[in-house]
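Note that chain A is present in both complexes that follow, paired respectively with chain B and with chain C.
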Partner chain A sequence: MNKFAALAAVSTLAFCANAAQADPLKIGIIESLSGAQTSSGRLYATAVQYSVDKINAAGGFNGEDIQVVEYDNAGGATGAADKFKQAVADGVDIVIQGASSAIGGQITEDVRKHNLRNPGNEMIFINVGGEAMELTGDKCQFYHFRYTTTAPMRVNALVSAMKEAGDLGTKVFSINQNYSWGQDMQSAIESAAQDGGFEVVDAVLHDVNKIQDFAPFVARIKSSGATTVMTGNWSNDLLLLMKATGDAGLDVTFGTAYLDQPGNIANAGETALGHYIANNYDNTAGDASFAEDYKAVTGQNPIFVEPQTIFAIGALGQALEGLDFGGGAVDVTKIALALEDVTYESPVGPITVRKEDHQTIRPVVVSKVVKDAKYPADDTSMGFQSVGVVSGEDAIYPVQDSCQMKRPN
Partner chain B sequence: MASMRNLILMAAVLAVLLIVPPFLGLGWQNALVNILIASLFALAFNLLSGQAGLLSFGHAAYFGMGAFATLHLMLAVEDGLGFPTPLLPLAGALAGLVVGLVAGYFSTMRSGVYFALVTLAFAELFHSLTPHLQGLFGGESGISSMRMPWQGIIFGSVLEVYYLTLGWVMLSILVLWAYTRTPFGRLTLAIRDNEQRVRFLGYNAHTAKMVIFAISAMFTGVAGALQAISNETANYALFGSQISAQVVLQTFVGGATIFFGPVVGAVSFTLFAYLVSDLTRSWLFYQGLIFVLVMLYAPAGIGGVVQHHMRSLRRADWTGLAKPYALAALGALLVGSAVIYLTETVAVLFGEEYSVNLRNAAGAYPGYHLFGLSWSPVSPLTWLVPLVLAGVGAVLLFKVRGTIAAKWEAMGRPETESTKAPDAAKLKGGAA
Partner chain C sequence: MEFAIISTLNGVTYGLLLFMVSAGLTLIFGMMGVLNFAHASFYMLGAYVAYAVSSIFGFWAGLIVAPIVVGLTGMVVERYLLRRVHAHGHAHELLLTFGLAMIIEEMIKLFFGDFPVNYQMPDYLRFSAFSVYGTDYPFFRLFIGATAVVMFALLWGLLTRTRTGIVVRAAERLPSMAEALGHNIPIVFMCVFGAGAALAGLAGAVAGAFYPTNPNMGLELGVIVFVVVVVGGLGSLKGSLLASLIIGLFSSFAVGLDWSVASILDLVGLGGWAHSIGGLLTLELSSVSATIPFALMLIVLLVRPAGLMGERN
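Moving on to the complex of A and B:
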């Protein structure tokens, strides 16, 4: 385990007071790497390591290998704030986080304050999973880049692909978790109604991961007469909702955002068949070499949040190609400026950064759960089959009014 | 004599805390801020749990309230309110006191398990309510602010935050220590030892317990405030049961029966998290292991062990003890190494990196690297190493344990050790 050696080096660095700016570019992953949320935290970390290894194999940056340091935020914003300070002490240039919008909000604020207080020694935050609208709204800032979708992008894609497949009825039921993500989803569903030609017959916000019995909600869905249920629910809230619907024998089609979370398909079983998901990528949408290469290195197909993370680091690598600091100090602002201009060709289409709010304009893949899938999920025979790729231009929404980004001079 | 020695010791610690930090790296300065905050939190908690014998499982509530109140004051300062930055923790103290009085009034109506459950319920109430109060608590992303400059001090660097924290923690510790010397501080101990008797003596036990609860909550609020100032943000996760549990662990590992015990626990746990959390993914396992071992073999905590030795400093036969102690340390080291070796080996063998290698090796078991050496999972040496380490260590510990016990027995009980420990069984039962 050479992590011990790396960490020993990092610890010694921490000892030396205000160590001089090191030459290698340092990437810090602040994820939940212990405790209940470890599984998704590891996915991000694995994908970052995979992509950085690629850049390093091609010669690294600034005459050195890019270094990756993992920080365990122990699943909370307080832990993340603490590890962010440690990352500053270790001289990290780019912070990566994705598993939680709440932690993302914490880190983007920390980065903003750090950059205000340390001009000339800035940091970048690459957000690979926090989808809360406020990160590119109220809290938007120049040094934050969001390399994932948001609620309106997922909903718009779901609506257009499900409509094309003939699975989008005219009556849609919206059920979401009562916090910012769920609220974002609900308003996205409501505003997609007119263009999608459907009516939102009922909208529900419920407690997050506390409900054990979704039967009352299923009764409500039934009485509303909806044929489609749209939900941003994840983890247990999605599983139990789908199972309760299946148990009640209700024939509705689900449009979801997180059905591909590892374990979901195995847990839901046959109930999951025929339901939709909109995500950044699906292995059946792109060319097979992407999945094969990832599997050769990490032992599994790229799933869930891994593809978007790989694309983000890929775009970063492309930005670095055009920069040369001659082995001297790394100018993070120049990297941010270069990243704004990158057009990254992902297997499903180009990804660009919108300069006004640093949301990426990116294709959204809609897929459906089928039997005998090409890329089976969770050791079942079921898996996802892409039914449509919505291009970035079609999926994107206008910049939020609340975003007032201050650009560096 | 003893108090003089303690005074000198404290002055030395304070001098180190004042002089050394500017020469440390940012990482250590941060760690010190965390240690100070955790120490104050644990001390405030122990006023209730160790001194009054009321085990609270919901102290996160007052910690979080202190943090949020302070952040709101910071936001007001950002908007132009002329409140001096160094006095910000007063907001946390006030919030802790007020919420503590209300929560204390209800929870101290009962004692024992019922008391613990009511405190738990209060914390859980805040934890589930706060994400929905968008305006006050900022939803699940929380609220954040920025430290404003005051009188030429910018409060931008970690070092400035450190000294602010140090000042408040030292002041609070001083007040908490002075509290134990007051008649009311004595009454606190009396309530722990025999509440019925206190009532018979004419005191209103409920009011007294409520006041103790509120004071404990107030200092917890100060700790929360210091964390808010350090992180410049707070979200509803601060009310989580993890925060409440952490302070219980720290207090009991440090020693709930001794004034400075919780500080020992807080320092050890925070340092452990700082040094080990990024080194191995199994750090929480080790932390739990330490807790179990301390509860089993040193129920009075690390602080209790230290105090026991300090008290016998003059009379103990140190030359006679040196050898068995060294042997015991060696035994513990060997067993510890074996445990770490096995844990890390299991982590590697069941890790995703190894599963890739395993797949590529087509049937064979490939070697792996650990502790700078190469190992093979099928080589007997790989499994002999921990077996021998653990075996030798265990034999050493087993043998030397009797020797140490006999030596202490031969020296007799020190007369100063008659101060009554709280109902250890009750405390242990509560912590389990």
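Moving on to the complex of A and C:
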């Protein structure tokens, strides 16, 4: 064993010495770039490229431009595992992924195993969209950073903002998709009931993006007598649910997490008005330069998952500023340690990393769909107007007991 | 009572929607023996063509143009692609249509983007037809249902009551005999395939205005449509209608029912034990409502492999 360690150390040293000239930092995006989830995956990839270009324009890192490589995981965990191996072979230092917690779970495990087997040659996984609690719970590890919210953060923010606006009511219906994210949402809604002063009159989990007809679910919402519906549904499951509710003339207020997905507002039409969303970014916050610059470069408004991705890379850039490897080998562990200490000032507030589980402590913005919004969505006159920003300290929840993080020595 | 009436209404209209989409698939399989994997893609193509046309010429123009464009596409596919591989057997036809489905999906993404497009019904169709127990019933659902019923009646009449129907059926049963009698069988097949595709196009144009029109819509409905055709009996129009209605009603009623294995065990006093074990035993019927059609298919395949009304074996 000792011999092995010594051998590994020697070979690592030798490797370092060889690669002494210029070692660019390599970022690998393992994202859903084909298949059903292309719409989300492409947005993440564009946002990463946009932010890395900014860092490179300011001089790059380690005397070189930061390189970005895109890998298409074809929307599945198997594809992601495959592409991860390729990324390792290509010498990627930092992996970024966002669309789907299931894929995030696969990548974080792959990264953990890789780091165990290749000490001195670690990789970081920056998770910009996978919100499953287990990623910072059972599966939490030092080299995983989550730069987005989780179910309890979104639900707590929704509850407090909707209550303040007088739109919460006392009877809440919880409807979610039957997998890790939906189950997290359901338990977050149930545990927010006491503080929010409401009762969960009925809770239902359903299959993910398989249901074409939500009318039966609307009938169930109606018979429960709920005035508010809270849901973590995304894509078709949210759109069809809202449309079916509007068609039935049922007067309920929705508290959602993904109403900002492009196309949703246009498709839901007038039905969307008055409903709430808790997310990472407020497009009316502060000066408009952030949104306008993004639109000028990429051609679209950053209204969905782009802001959180840009903030994550921004934080990474800040961490890199304090590091200097003198053009030599990149020490990924040092980058991870530096990233832990970064406080990134986003347009909506500061974002920091909680060292115990690497969940970011970040403000959560609650917005409402209104007519004649400042930044209309999908070429309609409707858009999101912020009704409240819940600060990071208020939105965060205690570290999960299941998280046993091993820090590097 | 309220639950029963509303669930029945929802189930029947959803069933009719399923029939509307699967009618073309059944027709093509029944008359040509081709299992068309690209059928749901034709459905999606119909919705997008209707969207593109309706944004310039209005909703009804879209409804008319979509089936024509998709039907012509179908004819081209049959004439220049399917006919070439026909001699090599079913597997080749299957693979060809499978590839076609992928190509159509990526083409749609290329031209219309990854996100749902804003294809809406006109405002004057957006009203509630009637109200049951305080729940509005949108007129457009009835419109979808009516389209499906008309589709069924027309197809049924055409195939069984007209001369064209006789030729088409003869072409399917005994192609060489029909050919010997002077009928142009390749043209008949091309028209049947075109008609099946046109039906899918019409379904897309109608349903796309009600459901979101996005690049995944074919994928989402495609599987369930195959279930309908298998349960109903491959190639049987009546069987498809029956299977659509059964699946629609089952899905609709399942959502409202909180049944689980545990609640059945409650009846014999074992409920507490079942709840303490959890897992599959406490899984509610409503959370697997989208799986019910597949369970139904499994049972039908076990009991009646030919499907509810299928003749062939």
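What we mean here is this: the second predicted complex is superposed on the first by the 386 of 409 C-alpha atoms of A that agree within 3 Å, B and C clash if a C-alpha of one lies under 4 Å from a C-alpha of the other, contacts with A are read in each partner's own complex, and residues count from 1 in each chain.
Methods note: contacts are C-beta pairs under 8 Å (C-beta built on N, C-alpha and C of every residue); 3 or more make two chains touch, one makes a residue touch a chain.
The structure presented is a predicted model; accordingly, all values stated were derived computationally and were not measured.
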> Which of the two partners, first being chain B and second being chain C, lies in contact with A:Glu109: first, second, both, or neither?
Replying inline: first
>> For the overlaid complexes, name the partner, chain B or chain C, with more touching residues on chain A.
In response: B
>> Quick one: is A:Pro376 in contact with chain B, with chain C, with both, or with neither? Answer first, second, both or neither.
In response: neither
> Should A:Ser101 be classified as contacting the first partner (chain B), the second (chain C), both, or neither?
Replying inline: first
> Which holds for A:Val297: it touches chain B only (first), chain C only (second), both, or neither?
Replying inline: first
> Regarding the shared-chain residue A:Lys222, is it in contact with chain B (first), chain C (second), both, or neither?
Replying inline: second
> Given the touch rule stated above, what does A:Tyr71 touch, chain B (first), chain C (second), both, or neither?
Replying inline: first
> Is A:Asn178 contacted by the first partner chain B, the second partner chain C, both or neither?
Replying inline: both
>> Quick check for you: in the superposed arrangement, does A:Arg117 touch first (chain B), second (chain C), both or neither?
In response: first
> First (chain B), second (chain C), both or neither: which does A:Asn264 touch?
Replying inline: second
> For chain A, which residues lie in the overlap of the chain B contacts and the chain C contacts?
Replying inline: 34, 38, 42, 178, 207, 210
> Which part of chain C faces chain A closely enough to touch in the complex?
Replying inline: 2-3, 6-7, 10-11, 13-14, 17, 106, 109, 114-118, 120, 128, 131, 134-138, 140-141, 210-212, 214-216, 219-221, 224, 248, 251-256, 284, 286-291
> Residues of chain B touching chain A in their complex?
Replying inline: 22-28, 30, 34, 128, 131-132, 139-142, 144, 146, 156-158, 227, 231-233, 235, 237-238, 240, 242, 275, 277-279, 281, 283-284, 344, 348, 352, 355-356, 359, 369-372
> For chain A, which residues count as touching chain C in their complex?
Replying inline: 34, 36, 38-39, 42, 178, 204-207, 209-213, 215-220, 222-223, 235-236, 239-240, 243, 247-250, 261-264, 266-267, 269, 378-380
>> Which stretch or stretches of chain A touch chain B in the complex?
In response: 1-5, 7, 10-11, 13-19, 33-35, 38, 42, 46, 69-72, 74, 76-78, 81-82, 85-86, 88-90, 101-102, 105-106, 109-110, 113, 116-117, 132, 134, 178-180, 207-208, 210, 297-300
